[in-house]
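Below: a set of structures, written as structure tokens.
Both complexes shown next keep subunit A, but they swap its partner, so subunit B is in the first and subunit C is in the second.
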Partner chain A sequence: MSIELNALGKAYTADEWVLQNVTAHIESGEFFAIVGPSGCGKSTLLRMIAGLIPISTGELQIDGKVATDLPPKDRQLTMVFQSYALFPFLSVTDNVAFGLKARKFPAKEIEERVTKAIKLVNLEEFKDRRPRDLSGGQRQRVALARAIASDAKVCLMDEPLSNLDAQLRIKMRTELRNLQQELGLTVIYVTHDQVEAMTMADHIMVLHDHKIQQIGTPLDIYNRPANTFVASFFGTPRMNLLPARVTADRELTLADTLKLALPKPVPVADYIVGIRPTSLYLVPQGKGDPNAQVKTVEYLGAQILLEAELSDGTPIELTADPDDVYRTGDWLSVGIDGNAYVFDHAGEVQFMVEGGRQHASRSHASAQA
Partner chain B sequence: MQAEVTPAPKPKADQSAAISRQRAKGYNLHAGDKYYAFAFLGPSLLVLGTFVFYPMLRTLYLSLFLTDNVGRPTVFVGLKNYIGLLTSSAYQASLQATAIYVIAVVALTLILGLLLAQLAAKKLAGIQWFRTIFSATMGVSVSVAAIFWLFIFSPSIGLFDQIGSFLHLPIVAWLTQPGPAMTAVVISTVWMNLGFTFLILFGALQMVPQSLYEVSAIEGASESYQFFHVTIPMISPTLFFTSTVTLIGAFKSFGLIDLMTAGGPNNATNLLVYRVYQDAFLSGNYGLASAESVILAVIIALFTLLQFKFLEKRVTY
Partner chain C sequence: MMLTKTHKTLRYLVLVIMAIIIIGPFILGFWTSLLPTADIAKGALFSTHISLQNYVDAVQQTAIMRYLLNSFVISLLTMAAQLLFCSLGAYAFVFLSFKGRDFLFYVILATMMLPFEAEVIPNFVTVRQLNLLNHYAVMVIPFLTSAFGIFMLRQSFRQIPPELKEAADVEGLNHWQFYWRVTLPYARISLFTLAAYSFLESWNQYLWPMLTTFSDKFRPVQDGLRQLQSQETFNNWGMIQASAVIVVIPTLIVLFVGQHYFKDGLNEGATK
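Up next is the complex of A and B:
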């Protein structure tokens, strides 16, 4: 079942919009992630789709039919909550059967569906337990089984993995994704964790500041961020955003330190240039002018994350080889060898400069005027 | 209690034996500890002994005697007080009246309390006001409530009869006819109980996670289905608590009865507790009153036990 969000908006008071103009098309069988920092309205959007809170403006279509004002039970969807929302007084079986009983399905069908759902999430040996006798991961599975048993083809998930420990969360990501594929479910998945969205979703909607920032595949979002927010929200370590000025016909100078050659001339204005830490490299000692000083050194195992300061004081993060030794206060020579994203002063992306290794040379603010 | 540790047969085990001997000592009080224990327990033992245990035993003792009019036992009569009571038609009528009263009070208090709590849980403008009003009877004393209800129930000029006459209904002499009198005391008692019951149930409702209702709504449960399959089980511990407290309270109702009907008319509202009061302090029949007290205590204990036995099974914590 496909879902169509048509200029959805939510306001609690006349001029206080929680969400504005949310338009998206969610394909049948798609894993669609809604990502954003806390308070961006992502849970509100999910609840609007579920029918738990009324939609102020716009139209919602489920399976081609207008569902804007339908009560939740008639939207043919199901939901998994962050808190799992299990009934503490019911056994696993009864929790899974809750919706089917409420909808007065025949007992035989309830039993079949419940048994099947419990089997799918591997909880057969726990089916008579109460939620309090289960671990966090098992409770999560019960909530999933309840969603599966309802046979709805759309499943809304509100941060379903947030209450699990890190290892289990990673395991459940794969499991969830496999289950979704196996059952052909359309999943709308709300999370604040960009890694979760990147690893699981077919498409990602990035919400911030009550508005959609970008919708795209994980690859799109990562490689072609629409603005500085999306650019810095996705990817760990975060993308560096450096102030830039036009210093020559086809050249930007970043933070008065790094030079970036442009493929075409640009109007003279203030720009912001985004460079991922992995797109920066260190010039071997003695070959380039030192232009950054190490502030902190973090060993991440496969690489080292250096937090440094460019010579004009702008902080910058870059990765380095873990075999090398860096100390706070060391001077480095940093160059750009990956993609750089040029944003206008409002943060909207203008174009991307494909990566090519250019040696850095030191430039002083006073050299230009 | 941990027994003395048997001496270890081998020197190797000596150490562990010593440790367990030391541990065993921990369970035994030192001579000095005993004094501390009594010092801590003393005050409450004294208070409970004086005001609870001694009166209980004394009541039991007195129930086997005839007494003079200040309560001194005179003639030992064995179980005759009890036999006399249980075969007396007046006492049986009183038992019956108490049963009706208690059942009506408990049922109405819980149902209305839950209804008000449900209403007050709605998110409406000014709901705070109603929450305060609904719980306000907690702050009303029995005597004030009795006077207030006497006015409402007073024949012809009372509020109920005014409304009745407006609707062309016959005038009811609320407090001077057996049936209406029982109705009147039940209404007043329920009203008095409501504040407390409301507050407790309201608190319990607030504790039910919203997500349970949300998931039920999505899974297709109607409002009434949600009420019986989510709300009731979720607040069952509190319902159990309030039902027990209300039941015991109803058996012990005295103030309103005394002030509104004094057990009348024609003993229609002469509940067990009120009989105890009448027989002891109005008739000076302390032996009989003691026997009635004992019977009442047994009834309350029995009902509470039954409640625990049958209701607690349905309670989910």
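Up next is the complex of A and C:
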């Protein structure tokens, strides 16, 4: 079942738009993630699709039929909530069977579906327990089983993993993705965690400031961000956004220190250039031409994260080889050897400069780029 | 915190003294109900003439069983009606949105400030107009619902996580189904509490039945006891005590049974 969002909008009062002009097409069997910071309206959008919140403007189509004003139960979908929303007075089995009973399925079919769903989420030995006797991860599985048991082919998930601890979350990510593929479910998945979206989704919608910022595959979003928000939201460590101005015909100078050669001339204006820490190389103290001073050093195991200040005072994040030694106060020489994204002053992407280094020898930092 | 032995002893001592003060009259009442009236009149409290004769007499010679039946009918009807109407009212205040909802709720709250005694006269006039005097109806109809019950259940329904309502909406439950299959089971502890409360409240009614019932056919227990005492020929104190004990038994049953349900944590695990 495909889903079509056509210029959806939501306003609670006349001029206060919580969401505006949301247009997207979600293919049948697709894992579609809606990502954004808290308060960007992603849960509201999900509830509009579910029918729990009325749609103010625009049109929603489910499976080719207009569903804008349909009550939730006629939209043929299920929902998994962040807080699980289990019925505490019902056993696991009854929780999973709840929707089927409400929809008056034949008893035999209910039993079959429930048994199958409980088996899929590995809760067979807990099927007679109450939610209070289950761990957080198990409760999450019950909520999943409830969605699976339903005959609806669309499943809406509202940050289903955010209440789990880090390790369990990573495990559930894989399980959820496998389950979705196995059952051919169309999943719309709301999360504020960009890593979750990147690892699970076929397509990602980035919401911010009540509007869609970008829709694309995880690779697209990472490699071709549409604006500075998307650029800095995806990827850890975050992309550096440096102020830039035109200093020659085909050259930008970033933060008065770094030179970036351009493939074509640009109009004279203020620009912002985004460079991921992995697209910067650095030469340790004592070698090269120093232009950045180390402020903090964080050892992450596989790499070192450096927070530094360029000579004009602009903060910049760098990654370095863990075998090298860096100390606060060290002066380093930083250069560009990966992709750089040129944004206009409003933050909209203009073009990308493919990774080419301008000076000094290739160094370790770019290996992960 | 570890308590020293003296501390502990002192604490228990205080508790025991308080318990004696509170339970004392009950024990005394129960004890005298086993004694012949002659001994009670003499003040011979430590008499050894213990028997259940007073109970036999009470059941055989007075209308106490009829009073009990009346009270059971009235209390059970009142309890059932209050559970139904208070929960429906509270549901509306929590899960339906309509104009003036909060105002209406405050009006209902405001009626709690009014003591029952202040309502007695207008209520009496009303039930007399309706020709309900001296009938079960007169003791049930004015108490079909209660502001306190609505208030209590509203607070309890508000604890229900909104996600449960959303989950039910997605599954297509209408209001009646959500009320019956989610709200009531979720709030069952509050419902048990209200049931016990309204049953006892009705059981212990005295002023209102005294004004509105004139015959043993409809008189409830509390007024029945008073009736026994005031009958001229009746000065059989042992039997009155026995009747009083009989009247107290249902109260104790309700409290003991109720206690079983007042457990914490029954609703854990709905969310998070």
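Note that in this section the second predicted complex is superposed on the first by the 355 of 369 C-alpha atoms of A that agree within 3 Å, B and C clash if a C-alpha of one lies under 4 Å from a C-alpha of the other, contacts with A are read in each partner's own complex, and residues count from 1 in each chain.
Assume a residue touches a chain if its C-beta (ideal position, glycine included) is under 8 Å from a C-beta of that chain, and two chains touch if they have at least 3 such contacts.
None of the values given here were measured: they were computed from a predicted structure.
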{"item": "Combined model on subunit A: subunit C and subunit B, fit or clash", "value": "clash"}
{"item": "Which superposed partner A:P88 touches (first subunit B, second subunit C, both, neither)", "value": "both"}
{"item": "Which of subunit B and subunit C A:N163 touches, first, second, both or neither", "value": "second"}
{"item": "Comparison of subunit B and subunit C by subunit A residues contacted", "value": "C"}
{"item": "First (subunit B), second (subunit C), both or neither touched by A:A50", "value": "both"}
{"item": "First (subunit B), second (subunit C), both or neither touched by A:D133", "value": "second"}
{"item": "Partner chain in contact with A:R103 - subunit B first, subunit C second, else both or neither", "value": "both"}
{"item": "Touching partner for A:Q285 - first (subunit B), second (subunit C), both, neither", "value": "neither"}
{"item": "Touching partner for A:N122 - first (subunit B), second (subunit C), both, neither", "value": "neither"}
{"item": "Subunit B and subunit C footprints on subunit A, overlapping residues", "value": "50-52, 71-73, 77-79, 81, 83, 85, 87-89, 98-99, 102-103"}
{"item": "Touching residues on subunit A, where the partner in the complex is subunit C", "value": "47, 50-52, 71-74, 77-79, 81-89, 98-99, 102-103, 130-134, 136, 139, 163"}
{"item": "Of subunit C, residues touching subunit A in the complex", "value": "161, 163-164, 166-173, 177, 181-182, 185-186, 188, 265-272"}
{"item": "Parts of subunit B lying in touch with subunit A, wherever the complex brings them together", "value": "209, 211-212, 214-222, 225, 229-230, 233-234, 236, 316"}
{"item": "Interface residues, subunit A side, partner subunit B - complex", "value": "50-52, 71-73, 75, 77-79, 81, 83, 85, 87-89, 98-99, 102-103, 146, 150"}
